[in-house]
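Take a look at these structures.
Two complexes come next, and they have one chain in common, chain A, joined by chain B in the first and chain C in the second.
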Partner chain A sequence: MDLFIINVIDGLIYGLLLFMLSSGLTLIFSMMGVLNLSHAAFYMLGAYLAYQISVYTGFWVGLIVAPLLVTILGAAVERYGLRRVHQYGHVPELIFTFGLFFVIEELVQYIWGRSMVNYNSPESLDFIAFNLAGGSIPAYKVFMLLVSVGIFLALYYVLARTRVGMIIQAALSYPKTVEALGHNVPLVFMGVFGVGTGLAGLAGVIAGPSLTTFPGMAFLLGSIVFVCVVVGGLGSLFGAFVASLLIGWLQTFAASYNIGAADILIAFGYEYPKDVYYHPWRDLWTLTLPQIGPILPYILLILVLVFRPNGLFGKRET
Partner chain B sequence: MKLFKKIASFVLASGLFFSSSVFADTVKIAFIDPLSGPFATTGTIGLAEWKYAVEKLVNEKGGVLGGKKMEVVALDNKMDGKESLVQVQVAIDQGIRFIAQGNSSGIANAITDMVKKHNKRNPDKQVIFLNYSAVDPALTNDKCQFWHFRFDANADIKMDVITDVIAGESGIKKMYLIGQDYSFGKAVAAAAEKYLAQKTSIEIVGNELHPIGRVKDFTPYARKIIASGANAVITGNWGADMVNLGRSLKESGFDGPVYCYYCATAGITRTFGETGKGMLNIVGEGKLNPMNPALEAYNKGLKAKYPEADMSQPRITNAVQMVAKAINEAGSATDMKAIAYALEGMEFENELLQTKVVMRTSDHQAIQDVHVGMHTDDVDIDFDNSGYGIKMYKTVKMASMDSPTTCKMKRP
Partner chain C sequence: MQKSVFSSALPWIFAAAILIVLPFIFTGGGSITIMNQIGITIVLAMSYNMLLGQGGMLSFGHAVYMGIGGFVAVHVMNIVENEYLWLPLPFLPLVGGLVGLGFATIVGSFSTRKAGTVFAMISLGIGELIAACCIIITVFFGGEEGISGDRTMAPSTFGIEFISQKEVYFLIAFWVLLSIFVMYLFTQTPVGKMANAVRDNPERAEFVGYSQRWVRYVSFCGAGFFAGVAGALFAINYEILTEQNLNTVMSFQVLLATYIGGVGFFLGPVFGAVLFTILQTVIGLQTDLWALYTGIVFVLMVMFLPTGLTGLFAMHLIPLQLGRLGMLIKPYAKIFVPGLAFVVGSIALIELINHVRHHGEEQFMTLFWIEFDTTSFLPWALFLIMLGVGFYVSRVFAKEVAEAWGEATFVEGERR
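Let's look at the complex of A and B:
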């Protein structure tokens, strides 16, 4: 039971991290109708920038400055790149962001090299917050949790309770009308793209010390973020939230319990082969849940697309 | 136009003349490993070690065959099996007779097959495969062949040494085995099971393989390992999988030792830093710490020329000097059969590392001292310019010298 609780906490922390990435992605999609394939690259960029800043000034300055830099860069990409491509339709936009992913990923490796960099959590958070079931939760993980929750609340507040949020929500569905009312819709687009990528950057900043800052980090997390967004429903912030937590827990629990195909087969009355290493069905008999854990989100993705094509909370036809 | 043709042919002819006159007298070794892509760090460090060893230990000491220089030719295989075979062919077409490769046993398996076939079909252009790092035991057992020489201790030998150390640790009662889900990870787990059962009464409380390069967060694995009551962990993980596993273990409150194969250099030592202290125990050949004066000078020179490189694979200095010695003994740099026979069974004293190496005749596996060391900042030679490195605390002299092999070598 204790292990269960500790897994719930770990899964929650991981899920909220995913949410920070998927929230930006889904915001950008609902606003501009474009799936930003370079999203994970901004996540990576955030981590590396924060690392570089932390070398000179320590972790906390990096925590503030790096996401701001990524936000500015994201806004610039929208203003000078995407906006020009926009007139040619969605496919060129998609290809633009696809190419951007590789450009950023290669640039990062060009600047910071191909081995992992030494980006660590601040010393002031290098203690154990509390112990549970022989395992400990480091203070940094609690910090990650608080930042993620804070971001979620702030996003919700801005979108639901402020004038800016009202304009963004209106521009989502009726951009022409909003423009006719005298609002600068392209500026709103730029802002949303900037903030969206900035959130990815922030996710990178706080995930970098925990999940390691290395060249493969964008690729590793990139695909799973799309799963979160699609499962939650493209364009739905709440959907992205639920899907991120769901996938966070799914992956954590799948890796935690060594339930094997053998247990299931035995339960169905099959006999465990004597010399399993030479058995023709060896791969099936030795298969365990942690081994298939990483593909579970993709199975979920397929199931959702088949039975609920709009995602769990999506309204938009895609 | 005629003038242009004349000039062109002159340039071409002189180019040929110069290239042949400049390079004809060097003995070339083709270095085929990843020099681009995600694994480029390891390949680049290895290349620097090869180049420096050839320069310092052979060329500056007068070369081979009374004055011929040796040269390392770098060919990028992008960590891809097919690309590697293309590069082997490129090397052969350039007249290179020595192939050095080490990263990935899968690629080594492919190269050894190709070399075997090539040498059978082209007795006048035979090549020798210098495997300096690939540790799949099969390469010197079922898949062994005359033209393949392994300079690293294979996975079984290393596990034999690790379990010697573990057997002496009275605090370890329960062991968790975790590795990446592919041939090497499986080989490590199998060897660990075998030797632990032979030498100790330690209970294996977990034996699992995780998808390679796909696990985003190792925390749940760490929780599971702690919940299993394990006192220690054995892993063959490398790269980010190694760092993430180690960090998650530490963060989750695991305080036992982690015995590993590849938990140093190429950014790993730097990233672990203080976290790895008292946790990481690595097995390997080549004793760097504590060091001797000759080694200090050598390491300084290497660092001056290649600041990002480390002496991560000291065996390369064995390989280079042993090849030079074999060429001298054979009296030729092109009679590959004679060179291979000279390498086979060679006993070599490496003054730099102050060790002896024997290239075992029966399977072409180098037998040498294998050490277990710990990650610490109390070192003379550090890795990744981080102040941290590996300090050896246990040595097995000529490890696994009499270990059995299934190799049935066919000699030409």
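Let's look at the complex of A and C:
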């Protein structure tokens, strides 16, 4: 039970982090019809920029400045890259963002090297927030949780209560009509792309210290974020939220419960082979839940796409 | 007007002759190895073009079909070695192809329902799934170190044991030509033509009476088959397969090679594969920033030259037919000099910074066959000037090129 509660909290933090990425991705997709495959690269860029700033000025300045820099960069990518490619159609747009992912990844390795950088949580948050069921929750995790929830609430407020949010929401469903009403849709596109990538950058800033900042971090999280967006339903913010939490918990629980396939097979009355390492089914016998944890999201993705091609909450055809 | 059998067979005879002559022209130690690699990449890129170029399906996991075909081919090689099965080596690619086809039949049954983003996402998911399975299912994939075999243990074909690289070259060349020929025949079939129609306008294709899903499915299976052939050729050439042969990075390289060559053209991927492999092997030896350069070139290509290199050639057919190609020579020559200065200047700066940061203790570095002192002021200033002036002047000249292009392709009375 103790482990269960800790896992619920860890999964929630991870899920909210995923939502910070998937919300931006969903917004961009619903507005422009482009799945931004370089989204996770901006997440990595956020972490690295924040690291570089924190070297000179400390964590808190990086927390504010790095996401802003990523926002500007994202907007520039939309303005000078994506807008140009847009005229060729959707497939070149996807290819463009896919290529951009690799360029940013290589650039990060060029600037900061191929090994991990020493990006740490601030000293003011280096204490244990509270003890819970025999385990301790560090203050930084609580901070991550608060930031994520804060972003979620802010996003909800902007989208549901402000005029800009109204335009964005309208553009989600009827982009052509919004354009006909005289709104500057290219500007909105640029803004949404910038803010979306900025959110990814912010996720990187707060995830960097706890998940380590290294060149593979984008690759590690990138495809999981696409899974969230697709499983939740392309274009559905609520779906992205549910799917992010679902996958956050799925991965956290799978990583911490060491259930082996052997236990299940024995329960079904099969006998454990004597010399398991030479047995033809050795992979099945030695399979454990933490081992298959990383591939669970992809299995979920394929199942959802096969049986519910629009995702869990998606309405729009893609 | 029906062409005679001979004149339609002529390009193929010509291609076969070139393939036979090539290893006697390039006899250097590494060149056969590079040519083998090119052959494998050609088959893979051509099969990818069946999806992206002809069928309009963007796949981010095409390496999976090559990888699975290759893994099975290595296993079959080992089975043949233990004499449980009699199979001469030249038929191994057929086995790989059938495995690729089989796997594509399964995946395609649900992934080809939609083109576009959904298809791309399923391909990405399958790619990640299989790549992750590589580590888990060690019986088949061999874990981190992969699995290896020995091609020379197969029963000999007309006395050939496939010990030397040259013998393998002819095997690969044969399969390359055969694959391209069969893929060409596929484009001439009704379903091959319909694949283009479904790519351009799926709705209208449905109105004509074709199921867009079925048409995509057939292309997808075909692409899976030839990817499997490429995988088996890889297995024969390298005798080892690892997780790296089917992960996302590999799939990206396939996309890159195909796109650089030109997606819309049948033979585009051939040029792409040749260029990509030569760049990879030659530049890869010169600099460790190889991936950065290819990434940048790729992104610029998507932005400014979406039809690829073949598209660039095809563009020039119009002024050629109008007899105005000469008008373009002067502006091209003018932009070439500052353009080259810009490219050389930026590469030199990138390499220089890289050198200072990672090999700072070595004062001298060699770049473009010239050795110079990295601590002196001169090279930095020179490269910066080349970069800045080159960029500015080529922008000015680019306008002239655009004007000349407009004049050279202008047709009286035709709306543009």
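Keep in mind that, in the parts below, the second predicted complex is superposed on the first by the 317 of 318 C-alpha atoms of A that agree within 3 Å, B and C clash if a C-alpha of one lies under 4 Å from a C-alpha of the other, contacts with A are read in each partner's own complex, and residues count from 1 in each chain.
In the analysis below, a residue touches a chain if its C-beta (ideal position, glycine included) is under 8 Å from a C-beta of that chain, and two chains touch if they have at least 3 such contacts.
Because the structure is predicted, anything quoted here is derived from the model rather than measured.
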*Answer with first, second, both or neither: which of chain B and chain C does A:162 touch in the superposed model?*
neither
Using the superposition on chain A described above, determine whether A:294 touches chain B (first), chain C (second), both, or neither.
-> both
Inset, instruction - Pick one for A:255: touches chain B only (first), chain C only (second), both, or neither. - result: first
* To do: Answer with first, second, both or neither: which of chain B and chain C does A:88 touch in the superposed model?
  => second
*In the superposed arrangement, does A:124 touch chain B (first), chain C (second), both or neither?*
neither
Chain A residues where the chain B and chain C footprints coincide 291, 294
So, in the complex, the side of chain A touching chain C is made of residues 35, 81, 84-85, 88, 90-92, 94-96, 98-100, 102-103, 106-107, 109-110, 219, 223, 226-227, 230, 234, 280, 282-283, 287, 291-292, 294-295, 298-299, 301-302, 305-306, 309, 318
The answer for chain C against chain A in the complex is residues 52, 56, 58, 60, 110-111, 113-114, 116-118, 120-122, 124-126, 128-129, 132-133, 136-139, 248, 252, 255-256, 259, 289, 291-292, 295-296, 298-299, 302-303, 306, 350, 354
Listed in rising order, the residues of chain A that touch chain B in the complex are 3, 6-7, 10-11, 14, 113-118, 120, 128, 131, 133-136, 138, 140-141, 210-212, 214-216, 220-221, 224, 251-253, 255-258, 288, 290-291, 293-294
Listed in rising order, the residues of chain B that touch chain A in the complex are 37-38, 40-41, 181, 206, 208-211, 213-217, 219-224, 226-227, 239-240, 243-244, 247, 251-253, 266-268, 270-271, 273, 308, 384, 386
